[in-house]
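So that we are looking at the same thing, I have put the structure below in structure tokens.
Chains: A, B, C and D, in written order; residue numbering restarts at 1 for each.
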């Protein structure tokens, strides 16, 4: 079997870091979001540590995500075939790959996640700062802070939903995880799911 | 006759103590158990002393709450002051000055020992009471002996001393006032005044 | 106070003027609001500022500082000309009907007898016309042109509403509303009370300010009534007690007076203190003066005071002049004083013209300060930058700072404004090495006595002879001292009519001053306190809270001087026949055989109404004086004089602008400011959060009012480009201070004689010690001039200028 | 959960189960009545609060007003707010004691994510339990009156406890005891409402036609009541809200959003699960690999 390198070591590291942070943020965020999940704060050393760590984790996440963004933004620009792929989402879900258009390195799903997360993280950053009373209590009016609380909650919720899709897709589409964990995918995987990317690689190689 | 040297409301100190103490301890004040608990009532076993606010002449009744039960080995410290509800004028109320009296008692600027400042000096120097009182008595006597006027120009006996003066307080007790009067007048002091003047 | 704090609740109308009862005495002020709750009483506040008291008032009347006599004189005119006086009361209980000597008169601002150059009056003619028996001539119809009533009417006829408005700046509508409300209380069943404080005393016409209100209250029949009276709200917890105990230059405890040098012997001294009744059948209680005096001498010098030596009369110093605070600091300033002891008093902050006080202290050889706290006075030689710019090296004064206990660490009695002697108990030991004032005074005495015994010296007798009967001579107990003040029998006294009846038993405490004797068989430190610590025990420690009257008398709570009487002149609450003017306010009444009721009668209990004794038993005429015969130095009727620094000339008599009998030292005359240079009126006052110069040492209070500020109107702020929170500089001709501006709607410019007059408010609590931010005493600005009678400095009206400045360097 | 006598807990923050409630409704609800018409702004309440609760802030500066400190802080639980107004040439000095209103429907408690950090006792007192407070500041956003403040030093939120420690042993709050002019009274809520109506009447008799009670129905009533001279315009008193209620934003955030949000997330996970078990994994088959090899060989071969 032939393998193709999909992610470098650095790319895997930064993605993993962001993913880890995201998990921690979701856990600590959910602890504060719903009393039924407050027990999660014990993972962080209790409610107060949970409250202290969450915003700082967020800051680190923003930095990490910025690196991810810079690296991956060229591959995530929208292409014509992405729209076609999106229209055929039932075919995707039903594994009718043969009916789908050939797509590049990333499909529309990933791109939506990518751009979604970019927007969400920006919103979470801004609303999070407005909520960060320890340092910024006097910088925002109560009303602004209330709006920020709602924005932060709703956006975080959307982000979680996106990530569920993202993670599920990775699990569902076999061979994907390997790309992020070992950096390589099989040629068959590439050809099946990202035909255009596969072709581009071949073209590059044979030039 | 309602003489009441210390406190009327023995309720907190004795009678009620058994009951309330057991109530409190039954709840457990171990921090880990404190799921939702009001702050412990801090006057539970303090000693109450009746006093009068020393500021203005409304003379509100105050109760001093002293740490400890006045046992020999536990010198009391006042931890809280609150209005005396029995007092007919103040009825337990206080103004912001009275309500802040605790910080007067424990002011960081309270004087703790006699001090002396020599002519031209830039500093206070701690001295002993004996030294200070001996020195003041000596200075008083020197000035009195030198400037005492036994007779005026007409030859009338006047027995006065006006080169030293005394300014009495406005918040000291009658008993302090009386002994001050005795001591100062016996010296023949006329330059004697108190805050009532201003 | 003639009445008590709790009695205020019995009023129908409360007039707060010359003080700010709510701001400075919030707890006592509760009884004003109680009067509102109970009887829908109204509250009038007459004050330059819309203060905290005004915040809950029914009417606030602004007034220019220092014009209270004009305001009240106008009120007298209003009452008299509208016939709003309580006729029966005025005729029977005041001096209104009495005839005054021909020689009395008033013209162009001066009463007769003015001695130019001496700043004093010959008061000989300010007196009653007497008949052959030495009794006052009277005209009960009040029609005689020389009767007090007619003279008073004529005197105040000049105080028309127009004139009062021009002088005081009080808008006419508010003035008339206030006067008409006050006039309503001329009815026997309507009572008004007047609450004042140092807003009246701290003027060069201070005593007369109070007198004018007393006259108003007499005309309205409100003196002696529950809910009435003229009530001084004393500023400090025991100013009343220390004054009762005579801790003033010219006093002996119980308002006896020290001899002057014109009274070389006891007989001469007593000659002017005979107090012979001026009308038939009057008590003239001061006739007992000798008993009080002799018993006092026995308390002072015990066995050394004998009939043979006129009870040690020569042990007392004889006055040439009164050595009040201002005089002593003036002498100090001239280098005539060597030693000074301050016991819990902070004159560097409290006395006028700080610059002068500071210079004066530096001329002392030694200064002793006894205080629980650091004080500015003890530290007057320390350099605190702009707040106390002195050079320690140049100050040669030896200073002693002796730590004393505070209230919580002692027991003893304090006398409240209502004359209640209340005992308090000790809660803890003083911190560190602090000692009680009693122990310090005892230590000084014992040392001096020892020195004089050993070395001799100038007239040691009064020191060596001083009665010192205490169990522990170095620390007399408060109870011993309290018993000594109350007095005891020194020998058995038998009833002359019945040899088997012992009137007094040797060594026993006296029950009351009625038992005092002039033969040396009793000793008593302060006669008015006699009854406070009897054989029954410490009456000042009584804590019975019942009030059978429902009028707030509380007869068994603590003990009230004199004789546990709660409302002075309460005989005047009844008509001449002994029936209460207002049955709902019954304090005492004649029950057919004696005077009885809820309060101790201020009257001989068995004196029948028909005997005609007047209710003002201390006075030889038995009635209250609308005309102060030969008593006050600046006139028998109060007259409006401008403050020594005033923005306008006296509209009534421009040639006699200020009080012609007020005492001014020459050097101080030179530093009065002119309105051209200092166009605004400065006035000083307290804020509620701080007490004088002590509460700034209490953290809680420092938090509540952390930094010095001055108040000014929005108009003045606009004119001077000052915004709230800006730093401003306030200057007078004596000094300047820097503070934060509080710009407020509560100060408004006043229209005074067509001119606009601005008042600058100067709360006075800050200094260079304590926990608040450093500040200046407002006394850097105030003038060194005193009231004609009480020598109280004029802190309440002087001239300043104000301008924007920068923050002080930190 | 039991607490001191008479302080059974009625509500507890961030708790999904109801509190034991058999006693609730049978214990007397307390209230503090603040009659602004009798207030002289002496700050005795402020001093008594600092004293009793052992709070001491910093000695600040004067900012051009006698209101000090200028705002509530973590150690200033009550504050006299001074407002000067002038209408028709008449000056009025409106002085309001600000502090926690102890709402029947407390926004702070609703917003609080920390279990048991905010409780409401059966007597109506809303108390912050500092041990449980995590310092998130959500209570501040939840409060319609802008009362809680975070401590700069320990990071926790603080506010007036209505002296729950005093009330628990049958005493009145320190501020109510100290108030020299009876502007503050304390008692059962019905008693306070009755007293309030007398006070309102008194004010009306004295010419304050717009006098009235402030009991904030929008938050279910409060356990701190005001009698205002100008009940028609509470905002005159330094922004006392005219019709306070918990912000709809907070209600959404802490109401609907919580179950719906969590539910949808759960549904998302379930959707994935069932998709997986029904459709099965999207695997790359041998055939795909071969096709890829073929393509590669083809391209290389060309």
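Here is the rule we use: a residue touches a chain if its C-beta (ideal position, glycine included) is under 8 Å from a C-beta of that chain, and two chains touch if they have at least 3 such contacts.
Quantities reported herein were computed from a predicted structural model and do not represent experimental measurements.
S.K.: Between C-D and B-D, which chain pair is linked by more C-beta pairs in contact?
M.R.: Between C-D and B-D, the larger count of C-beta pairs in contact belongs to C-D.
S.K.: Would you identify the chain whose C-alpha centroid lies closest to the centroid of all protein C-alpha atoms displayed?
M.R.: B
S.K.: How many Å are there between the centre of chain A and the centre of chain B, using C-alpha atoms for each centre?
M.R.: Once rounded, the distance between the two centres reads 71 Å.
S.K.: Averaged over CA atoms, how far is the centre of chain C from the centre of chain D? Could you give it in whole Å?
M.R.: 50
S.K.: Approximately how many whole Å separate the CA-defined centres of chain A and chain C?
M.R.: Centre-to-centre distance between chain A and chain C: 83 Å.
S.K.: For chain B versus chain D, what separation do you get between their C-alpha means, in angstrom?
M.R.: Comparing mean C-alpha positions, chain D is 42 Å from chain B.
S.K.: Give the residues of chain B that touch two or more other chains, as numbers and ranges in rising order.
M.R.: 81, 90, 93-100, 102-103
S.K.: Which chain D residues sit where two or more other chains touch them?
M.R.: 42-44, 46-47, 50-51, 132, 180, 182 - these are the residues of chain D that touch more than one other chain.
S.K.: Using the touch rule from the top of the page, what residues of chain A touch 2 or more other chains?
M.R.: none
S.K.: Following the definition at the start, I'd like every touching pair of chains, please.
M.R.: A-D, B-C, B-D, C-D
S.K.: Okay, in this complex, where on chain A does chain D touch?
M.R.: Checking each residue of chain A against chain D gives 1-2, 31-38, 41, 46-48, 50-52, 93-95, 97, 131, 133-134, 137, 142-143, 145-147, 149-150, 153-154, 157, 160-161, 164-165, 168, 171-175, 186-192, 198, 202-203, 205-206.
S.K.: Which residues, counting only chain D, touch chain B once they are in their complex?
M.R.: Interface residues on the chain D side: 1-5, 7, 9, 12, 42-44, 46-48, 50-52, 116, 119, 127, 129, 131-132, 161, 164-169, 174, 177-180, 182.
S.K.: Which of the residues in chain C end up touching chain D in this complex?
M.R.: Touching chain D: residues 22-23, 26-27, 29-30, 33-34, 36-37, 40, 50, 52-56, 58, 60, 687-689, 699-709, 723-726, 740-746, 748, 771-773 of chain C.
S.K.: Residue numbers of chain B touching chain C in their complex, please.
M.R.: 1-6, 8, 47, 49-61, 64, 66, 75-78, 81, 86, 88-91, 93-105, 107-122, 124, 129, 132-141, 143-145, 147-148, 150, 152, 154, 156-183, 185-198
S.K.: Looking at the complex, which residues from chain D come into contact with chain C?
M.R.: So the residues of chain D in touch with chain C come to 37-44, 46-47, 50-51, 56-66, 68-69, 84-86, 91-93, 95, 180-182, 202, 205-206.
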